[in-house]
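Shared between the two complexes below is chain A, which has chain B as its partner in the first and chain C in the second.
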Partner chain A sequence: MSVKKKADLKVIILGDYDVGKTSLICRYINGKFQKQESTVGAAFFFKPWGPYNIAVWDTAGDERYSGLSHFYCRSAGAAILAFDLNIPKTFESLWARFGSILDAANEDCLKIVVGTKSDVLDESTRDVSAEEGRKLALELNPDLDQAYVEMAGAPYFETSALKDENVTEMFEYIFQRCLPLSPEQHNRFKGKKSTIDLLEDSTEGPNRKKCC
Partner chain B sequence: MSVKAFELVPVIERVKLMSDKAKTQIECLDVCGKNVYIGTSDCFVVHYSIEERLQPNGRVTFAAEKQGHKYLVVKKPVVQLRAASALNRIMVLCDTTLTLLNMFDLEPIVTGAKVKNVVCFCINENPVRTNPFSVEICVALKRKSIQLYTVTEDRMMHLRDVTIPEQAVTVGVDGVTVCAALNSQYCMVNMDSSHITDLFPIDDNVQPIIKRISKEEFLLSGPSALGIFATSAGVSQRPPMQWSDGLTAVSFVHPYIVALNDEFITVHSILDQQQKQAIPFMSGVYIGDFDGRIFVASGREIYSLVPIPFEKQIQALLADKRVQEALDLAKNANKTGMSRDKFVKMFKRIQQQAAFIEFSEKNFDEAGQLFKESAIDVREIISLYPNYLPASVNFIRSVPPLHEIADINQLSRSDEAAREAFKAFLKEFLEDIRGTSLAYGYKLEVDVALLKLYAESWPDKLSELLSDDPGCDLGDCIVWLERHGRFHALGQLYQHHGESEKALAVWTRLMDSNVDDPSFPGLEFIVLFLASLTNHELLWKYVDWVLEKDEELGVKIFTERPANEPQSERLRPETVVDYLHRFPRAVITYLEYLIFQRRLEKEKYHTHLAVLYLEAVIKLMDTNGTKKEELDIARSKLRHMLQMSNLYRVQLILGKAKEKEMHAECAILYGKLEEHDKALRILVHKLKDFGAAENYCQVNSRGKDPAACKRLYHILLSVYLDPTYERRDTLVAPAMALLNNADAEFDNVKVLQLLPESWSVGLLAQFLTRAVRTSMHESRMTRIERMMARGENLQVKQTFIEMQRDCIVMGEDRACAVCNRAFNDPTFVRYPNGVITHVHCAKNKYICPVSGKLFSAGKR
Partner chain C sequence: MATDHREAEQLVNTSDSDLQEAEFVETNEAPGRCDSAVFAKTDDLDDLTLNITNGVIQNHRGTITSLIRKRSKRSNTPRDQETDADLTNNSNPSEQDIANSIEQSELSSELSEDEDVKNGLEDLSLQDTESAPEEAPSVTLIPSASESDYVNSLEWKQQKKHIFILSESGKPIYSRHGSEDKLVTIMGVMQALVSFVQDNKDNLRSIVAGDHTFVFMNRDHLTFVGITRGRESTQQMLLQLTYMYNQVISVLTHSALTRIFKQHRNCDLRRPLSGSEKFFDNLLNLMDVEPGLLLTSVRCLPLDSSVRDIVSQTIVQHAKVKDLVFALIIAQNQLVALVRMKRYYLHPMDLHLIINLINASESFKAAESWTPICLPKFDAGGFLQAYVSYLDEECQTCLLLLSVDIEAFYTLSECCTKIKERLNRYNALTAISNSLQRHSYSVQQCSIGDLRHFLYKARSTAQYTSPELGPPYNTPDQQDRLFGLYHFLHDKVHSVSRPLKLLYHVGQYETLLGWVTQGFELYAVFGPLVTKNIAIHAVNKLLRWIKREEDRLFILSSVTF
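The block that comes next holds the complex of A and B.
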């Protein structure tokens, strides 16, 4: 594992013990769900995204590592605040415990509120509504302008690492916001377009015509 | 966990101290070259010199000799001690005072170079100033501040200081950044800007440790026995490391972090943050790395941690089949100062060993990848498969061996599925590398192994291999192919080696016997092979055999010969035709080939073919119940031949055709004899095919002058209008059609004479109009032509006159432009541009001999 490469964006995930932070990251990085041991201190993953390298830091939720979380947050460009959709206390911790930790992160750090374990959520007995989550997400990101929220949605996701729901979408939201790809880069690195758009090509036409 | 990265070797077994009291203990030490300095708990500094020796068995031992000692009088332990060899000084911290001692006689330097109230100090290994005769140190003071000093032989010059919120317990320094452990937390202090960055809190039960591991990176001891990396900027770039509890000191030699606690020395790799080795070591008090060497001290003894050579560590990992770890370690070995070439060689060898381990574990993807990356000698792999190397190749596996595998039988332990898996791997690997640089020089080995594999399990691939320039020799391949019943492939192998006779023997045996080889394409294959065979003697041996089996296919031996084949006596058309007499269908095909394709113009062949066609037709006519289509086809073939060729003997055919009343054929034959009247009478009277009659005129007038053409049409018309023919009224309509046909040409005067008096003008109006118009048109065209010719004539005359008008005066002084001599004859040549020469000097009347100008004939 080479960690000497310079990361273009540091993403950190915070949240109470056993809300599923490591599972969420493993689902995104490795594409599978597996039982996780509790994280010791912190863990680290590298993810290339387009031309960029992204460092994803997984922290330990255990209270005794609180001091370290603060340290690992330093110079983070984005923070994922994870809570268990089924346990309201984990949602409360987000602003009670982790809000202050994020002071160490970059000033323009994007905060994403993420509810986990949506696969075992019972809608009828649900305590934390999606509306509350969205509200917290917007409160945490005061400089996110209204127009962007309307276009891309609020930085709030309800995910399931087990069923792979909303996990990739959530990470793409972060990267697209923090390291926007130009359309040209998007084509080159994402490369999912199988058809050729003739009209798009023709925009280059006038430049070429100047031959004789 | 079983990597043995280090070995513990005693250096100084029992430190001989000044006062031999039991409580005297080592507190700290420094090693500088051969000098070891020890600070004790009872205020002594002891100096040893050590000698490192490499024993013949590869072990390292140390011999130590005491050089001297010094009592520092204050009865307090020596807390820290560092040698500064550039200054010939040692820095000693004792009783909160930092002082300098002479490195050799240990006498104090009394120039006032000391700092008081010091908690701890450390040397800046990445100093801001680069004076080689000074050392930069960082000092933590009791009164909540940190200072930087430059130390010279006899002075300590204060550079800067920064006030910190609490007293520092221990410090590390790199450049202008000081990493300090305060009572409650770690922080990074920028000595330039005095900016303090808090890192993380220190638990009460953890001893703070700061170890600089590289430029701008420190390793700190964190809560819950974590080792945490932090850069000068206060962030972490590596995940933390799980350490043991109660660590007292840490040192680092790439890529290992060595940590000391009360019972163990533990070794972690910085590459994957995992623990690699644990060495039991009771009551350790100090560990340090000095110029890449690690020394560790207990209360009274000093040991060295001697690194086990990389290769040994790697071999140990490989022996445990821990391939990935071994490769990771090997990749990092180039950081140990090995030369590039040596490293590449070593790394490739390790990759190969790893590859064979993966291979024996049946991890074929990894094995194949490693084999390719390490550019393995492909024979090493093939030699694992019994009998797969060509018998002619004498290969000895590399020494020392890359693996302990005898062969795949040993690996598969007579498990058939496993054997097949190994074979499938070899097949895919060889196919993969075939033609790449890996197979370079081993084409024979690779192709023979592939041939044998294919013969055993993938017969359908044999033909592809054999047609693609295989490097297989004959040797044991023949036996192998025969044993597996791949006879067609055997034939192909012979063919590739130019052994056509043996190849044919194999194939004919395959045809004649009932041996089933599904890959054999059958007789056609043999025929095509014979068709391109250059050895004509051999060819004749098999022609009989083939023709007996299939005439029409067999004749292809002669008709499908390569275009650029040189003519040979044995394959002359006469010889072949003579030979083919026995095979009527073959001879027709062959003659057709000679006439229509090779366009041979020999009367004999043309007549022969025509007769054969005719015979075929007659035979069909004579047999009852012949289908009309069949007969039509045969006759049209004959007619085509008769029409197309001019070389056959017409009379011969005509006789037979007349006999059988084959009118259409007769018509063509009369045409060939220029007896158009007879031909046309047959067409009109017998066959009543007026279209064919007109077509006859058209065909026979092709390429002839207009008069002959007119004559032909006239003959046809006179046949139509023949007053002696009793049913001539039926021919009025075709006659009119002919007259009105735009293609037909007539001599109009003769037509008018021929036409019966009784025909009305109305009937003939169309023809007459056309005739008059044509006549008028011709007349006018002729006049135009005449006038144009006259005009041209005038123009030529004018030019001629213009050219002659200028007079040329010839005198004695006039010389030829070419030879420059005088003119003796009255004749001379004048070029249009005025150049005058002798007649014999004018070589070319179109090119001026002086200027080279070209005069074209028509240009005026």
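The block that comes next holds the complex of A and C.
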């Protein structure tokens, strides 16, 4: 632990106040949902993914912290642009507020548009259509080629941190795109779960000893 | 109840002339004294008031800029210079953004409407005359009253202390109780009162109406209003309002605040402040229970000096990083260790803001954080960057590293890992958590009969110590009353018109002794039947006890990088 692990990919999450950025991150990192307080400044998470180390910056949505944005955007490999599916204004902010902030990120930075709180979304009164979301996602990523989009889908997800819907899928999409695994690596790491199920029959018992 | 009590009290002696001074150990050796100050020397209340009337913070202006300039001189590589430029401007674009994005919106209710003013005045006068606080419970039980009903309810009017922040144009910014949205009218009245007096080239300072004291403070286009029916004096309320002002600065910086109002005189400051309400609320709650804010001094976690040395040496060794100004460890609102850059001091008022930051926010417990914070006494013009991380699983011991370099996060994160490792190796974290579990010390440990509680402040180090609250002060009501007694005693001793060295006061339920010297301030609470002689003996004994324990109770050596 004494030598700082080097991060292979820096992921940041942006979005208006109270759209559920921290809940999304915590759902992925800790695997559970809990009520979050508003984030102060920016919080840093570290997560291994396969052979790689992922650094995740969870940021505060309050405008008064925008002075920090240069710092965490610099050399970001992927940016999650989160908005609340139930509040159209938060979707508009993605363009208006965060588009320019991302200039500091890597040139090939992958931008993922993510709608949150899909569990409380009422389809009949819905203001931001999935089509609009997908459109924005493609506009933000001009260098994403057509073939890739057809294969993997557009970088647009509708998630629920509460019900754990599409959260892991969204992160997997990022990592598959930014840190493609070789087939060999894929076999080694893909099957392994990031959390250990104590009730599950331990089939990889002998392997576990190697863990240091 | 409170009034009865106050009347029943009888001032037996308010000056030291009748007392045989010889009986007091007149020492220069005030326990907890230290020549190399750990903190910036604390302001006396008088200094503070002077500061308030001047209306501007003058000390340490531009400290951060000078630190940054020093840095750019030191390193001449192009890359660094680039980041330097980045940093000097760093706060500017953001503040600009904030200021620009603030829409000019009209005050929803016009002040000039007589109707509203009249209503507001009625509200105010109602508040003055209500005099049966004990009847409240029946009202407090109505839970689902809407916000607008709430601010008209008896419960709202009977709150013990109200704090309001409004802009010069009368726009609500903050209210401690009830949503400030619903208080437009009453805030309009407050602003009307303030401007009416200002028209005559004068300043409205306070109004006393029955049980209530209304205190007004104008600073940087903001009006702070404090209304209390507790025992706080006008001076003490001003100090509390100053803390509130400092909290505003801590979020925005003084430069941003002035710029915002320069651009839009009637802007809605709630937007740039959004998300920081919890800091204001928490600060006010702290002020109600934490004597350190009243005494502008800091409580240290009782710790063997050997352990404390290990902690501060660990910080010095592992956090010797460029541009790191302050490194501190805080555990449950108490200071464990502080290491500072040479020539720079941390003011206790700034430290209270830091403690408030940690105390008010759960979000630091989840992960390492990086956040800007402005320390008004250190430099009101700019932000320091704070690295915040808890060192233990239980999230009790918190490490803060304050730097002027916005890029320093990863370096500081490494420092934190090393510090944690070494503190664990020397069992220092266990020692800290043991000390936390022991809850400070009980007054019985001083083995002085009749002494119920005390506050002792070492003036040169701006630190204070006090035992935990035991019976009869084990209920919130009684604690509140005790805190009121301390406010009373503190006010009498520090009275602007007649400051006292010594006050012996016999009340209905307890006898109080306040004693202020060059080196310390002591506020002691005895049982009601204690005689003057016994009290004097007791405090002498107490001073000897504190002297014996000073290594444990105070941080006596100031450690620098």
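Throughout what follows, the second predicted complex is superposed on the first by the 188 of 212 C-alpha atoms of A that agree within 3 Å, B and C clash if a C-alpha of one lies under 4 Å from a C-alpha of the other, contacts with A are read in each partner's own complex, and residues count from 1 in each chain.
Operating definition for what follows: a residue touches a chain if its C-beta (ideal position, glycine included) is under 8 Å from a C-beta of that chain, and two chains touch if they have at least 3 such contacts.
As the structure is a prediction and not an experimental result, all values here were calculated from the model.
K.L.:
Comparing chain B against chain C, which has contacts with more of the residues in chain A?
P.N.:
Between chain B and chain C, the winner on chain A residue contacts is C.
K.L.:
A:Arg64 in the overlay: touching chain B, chain C, both, or neither? Say first, second, both or neither.
P.N.:
A:Arg64: touches chain B and chain C.
K.L.:
What is the contact status of A:Thr168 with respect to chain B (first) and chain C (second): first, second, both, or neither?
P.N.:
So A:Thr168 meets neither chain B nor chain C here.
K.L.:
Applying the touch criterion given at the start, work out whether A:Cys26 contacts chain B, chain C, both or neither, answering first, second, both or neither.
P.N.:
second
K.L.:
Does the superposition put A:Tyr17 against chain B (first), chain C (second), both, or neither?
P.N.:
After superposition on chain A, A:Tyr17 lies in contact with chain C alone.
K.L.:
May I ask you to decide whether A:Phe44 touches chain B, chain C, both, or neither, giving the answer as first, second, both or neither?
P.N.:
both
K.L.:
Once the shared chain is lined up, is A:Gln36 touching chain B (first), chain C (second), both, or neither of them?
P.N.:
Second partner only, chain C.
K.L.:
Check the residue A:Ser75 against both partner chains and state whether it touches chain B (first), chain C (second), both, or neither.
P.N.:
In the superposition, A:Ser75 touches chain B alone.
K.L.:
Just chain B (first), just chain C (second), both, or neither: which does A:Gln176 touch?
P.N.:
It touches nothing on chain B or chain C.
K.L.:
Check chain A for residues that touch chain B in one structure and chain C in the other, and list them.
P.N.:
Shared contact residues on chain A: 1, 4, 40-44, 64-65, 67-68, 70-72.
K.L.:
For the complex, give me every residue of chain B touching chain A.
P.N.:
185, 199-201, 222-224, 226, 228, 230, 233-240, 242, 271-272
K.L.:
Would you tell me which residues of chain C are touching chain A in their complex?
P.N.:
Touching chain A from chain C are residues 86, 90-91, 93-95, 97-98, 101, 251-252, 271-276, 278, 357, 361-364, 366-372, 383, 386, 388, 406-407, 409-410, 413-414, 417-418, 421.
K.L.:
Quick check: in the complex, which residue numbers of chain A touch chain C?
P.N.:
1-2, 4, 17, 22, 26, 36-45, 58, 60-72
K.L.:
Chain B touches which residues of chain A in the complex?
P.N.:
For this pair, the touching residues of chain A are 1, 3-4, 7, 10, 40-44, 55, 57, 64-65, 67-68, 70-72, 74-75.
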